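After this come two complexes, each holding chain A, first together with chain B and then together with chain C.
Now for the complex of A and B:
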């Protein structure tokens, strides 16, 4: 038979507090939560919103389909999709055979290589954007250049005779 | 009522046990569903799953479009016109494919910006960033090839301009154009190749890369911005401050002792 101890119980042992160092500071979150249910619900909410948006757009603004391809037309003004507007704008800055190759082939390839290499280019150990200003400013400049060129190209295309979707 | 509920719960447990014994599915789901994720900034982390959702929509609507799309120069435009005007829900399916592609490019861009700003590419997550960049390039190429598949004036001339630019590539320009056109000029072979790139080749590369992206994410966990770790960072800073103070006082005492000795 087990012996029953009488008297005051000894205090519960305190859990050893983790010593936080620069190496382990990012190993656990402050107050983590399970992926299910909160994050799953947030993901489903956003996905559902996107589904509704695509369905509404599908009926409200039907997908483009202009006249069939006709190689003999001479008055058709080709325009790229919006996601290639910034590349289209670069053709203005880099005209001529040699410069086109530089602007629309060499530059995007260099840009892609730099994108791939970002983890090795950013050697700053800090994660916060405020503590790695060079990378953040560089990233901001690249995004600004893309968005600005996108709008410049859009304005140019819309002002070009026959460039607007209507005409 | 209680008895029915108990019987139902028991049956549910039986099914779960049966599945677990044969597939280990229950323990797998438990591991995946209850993995710790950051509590703050929860909505920022929905961009990755939103991207995956839109890619799934693209796959599903793309498969449905293939039931009617004919990849020949004579019938490509007509088949799309037919889908839009005569097929049940044709306008919806094509519209969802078209707008889904546009939204996908926006969402994947935002996902990349979030990853960049939070520094989520830092060790040991470098390879996930590399795979992510490959995915964004693939998605852009899919959008470009899909644009030309409708074989209308817009798509055709966009492809023509693209080929013109590609022809300026030093050393491999002519070869690349010949590969993409399937000859010297735009023709039936061009559309066949576009179809192969858009429907077979690129999705065949994209799908396993998405798998690798998700496996790597699960391996190293999600990384948010530094604010997810603000309490731990505060503790670290406090400890470092104490250490600095201790060092300061220790050096003061040493100085005092050495001055006494003199």
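Now for the complex of A and C:
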């Protein structure tokens, strides 16, 4: 049975805060840390891994060259590559001469500016997604919008007679 | 008497189907919405340790079970009526969607099991909350999956795929399937959110204890955040949905947007106006009760609410004065729907889609997000609960009534879109309303190149 101490409690001791250095930073993954070198190192590692995967794929599964261009055809429907389908879908939402430019030039530029501005917009120092719900929800919405637009575009192309998502 | 030729006395067989389907849809979508909100609430309660979330989630689970039997009964009666009164159509539909209906049935079983387990293990799993939250999430996902499967049927009937009807995959790839899913997913959450807020308001007005006043005030706030938050996504998604209809089913688009059913969209803009402005006014009122007074933020909220109202009015301006021809509300000329292009100048300039309604709809989303953002900022510091006046609660009840009407307006619009043109399609390009199958291999390839 635990002993119950009576009388006045002694004052609480101040907790000593551990100083975060480069050596112990990974034991405190939820603490703020400098962009350089930690984040840069992490980014470079992932980029290098992606580059290796791409090189292996390029050797193992080479992309075939398609047929030469046929300039005599008039029924060719130009389509963007699949990874630009989501952007192609924006053309549907912004019809008319004025709005096409807005949809496919202004909006991506605004989006790129917002991406650059993220360090200033998201000032929350914590890393955990649970502690930065607004940014997580916004990020999730952006990714969802891109993926859904990709699928919407594919389904649209598939459903027109003679439509094919390739090329 | 051969089956299918039965006559329903008084109302006729054509009216019987919507009489069963409309209440079923209103109940079922509410169940799906509240299951998702309830599951997220329980999770939020676990993370934040605030008891209100858990109390609401438990109430939601109970209410969901109470409604379940009624909603299911309506669905089965509807199926029974469809099989009896429209046997040719049903047989054709069942042939195309055999796998979908089978999956639907299993989703139903899954939802029943998970929903009951969720409610009845609340106390038992109180110390294993993660497991319990997971059961709630599973229940919500089964409900969502039910909607995703039944949407194949609903979207395919309006816009069949450009592939063979015998291919299960192609039935999913019909042009309006994805937009319908997005539209209904967001719509269900918004609908359930507003109804929760309306219910909370009613209970708030009838509360006799301080504890209840505080809880129902909080619940009204929680419900309307879901309702208004997801409502903001709807203009964009609804616009996308309409764009797909325009691209693939021009006749349905003209019938809905420019033909005899254009009044539905005038009604929709009025409903959108009521819901968005009432929600913004509610936020404005609530900000007064922030623990830390925020006069500057409230002034900002006031200004943005004004802009929101102006944008709402912009959306409401009709393209012409041919408003509801069915009841004689015709005050001006109307061009032939066949001649109207989307960017053609209509009789009332400000009612044109291009650019006014674009500004109205996108503005509604952006300014709405600002209003919500301001409110969230105020709520971060906490509110003094149980102080709001009764008018704010009448506002919440108004949004709940309006969202129900919106669901009915939009449900009717989707189903009636197949009726445009002389054929009166049940499955577009395939089966007419008189259950006449137009060709053996339909609906494959029924769409013409644009």
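Brief remarks on what is shown
FYI, the second predicted complex is superposed on the first by the 95 of 167 C-alpha atoms of A that agree within 3 Å, B and C clash if a C-alpha of one lies under 4 Å from a C-alpha of the other, contacts with A are read in each partner's own complex, and residues count from 1 in each chain.
Here is the rule we go by: a contact is a pair of C-beta atoms (placed from the backbone, for glycine too) under 8 Å apart; a residue touches a chain by one contact, two chains touch by 3 or more.
The shown structure was predicted, so the numbers you read here are calculated from the model rather than taken from an experiment.
In the superposed model, A:92 makes contact with chain C only, not with chain B.
Contact with chain C, but none with chain B, is seen for A:160 once the two complexes are overlaid on the shared chain. Once the two complexes are laid over each other on the shared chain, residue contacts for A:66 go to chain B alone; chain C is not touched. Legend: residue contacts after superposition of the two complexes on their common chain; A:127 is shown touching chain B, with no touch to chain C. In the superposition on chain A, A:55 contacts chain B only, with no contact to chain C. Between chain B and chain C, more residues of chain A are touched by B.
The intersection of chain A residues touching chain B with those touching chain C, taken from the two complexes, is empty.
Considering their complex, residues 47, 159, 161-163, 173-175, 177-179, 182, 239-240, 243-244, 247-248, 342-343, 354-355, 358, 376, 445, 447-450 of chain C touch chain A.
For chain A in complex with chain C, the residues that touch the partner chain are 92-93, 95-96, 98-99, 130, 134, 148, 151-152, 155-156, 158-163. Listed in rising order, the residues of chain B touching chain A in the complex are 32-40, 42-43, 45-47, 49-50, 53-54, 57, 73, 77-78, 80-81, 84, 91-100, 102-103, 105, 107, 113, 116-119, 121-123, 125-126, 129-130, 133, 137, 140, 143-144, 147, 150-158, 160-161, 165-166, 168-170, 173, 186, 223-233, 235-236, 239. Residue ranges on chain A touching chain B, taken from their complex, read 19-22, 25-26, 28-36, 38-40, 42-43, 45-47, 50-51, 53-55, 57-59, 61-71, 73, 76, 78-84, 91, 97, 100-101, 104-105, 112, 115-116, 118-120, 122, 125-129, 131-132, 135-136, 139, 143.
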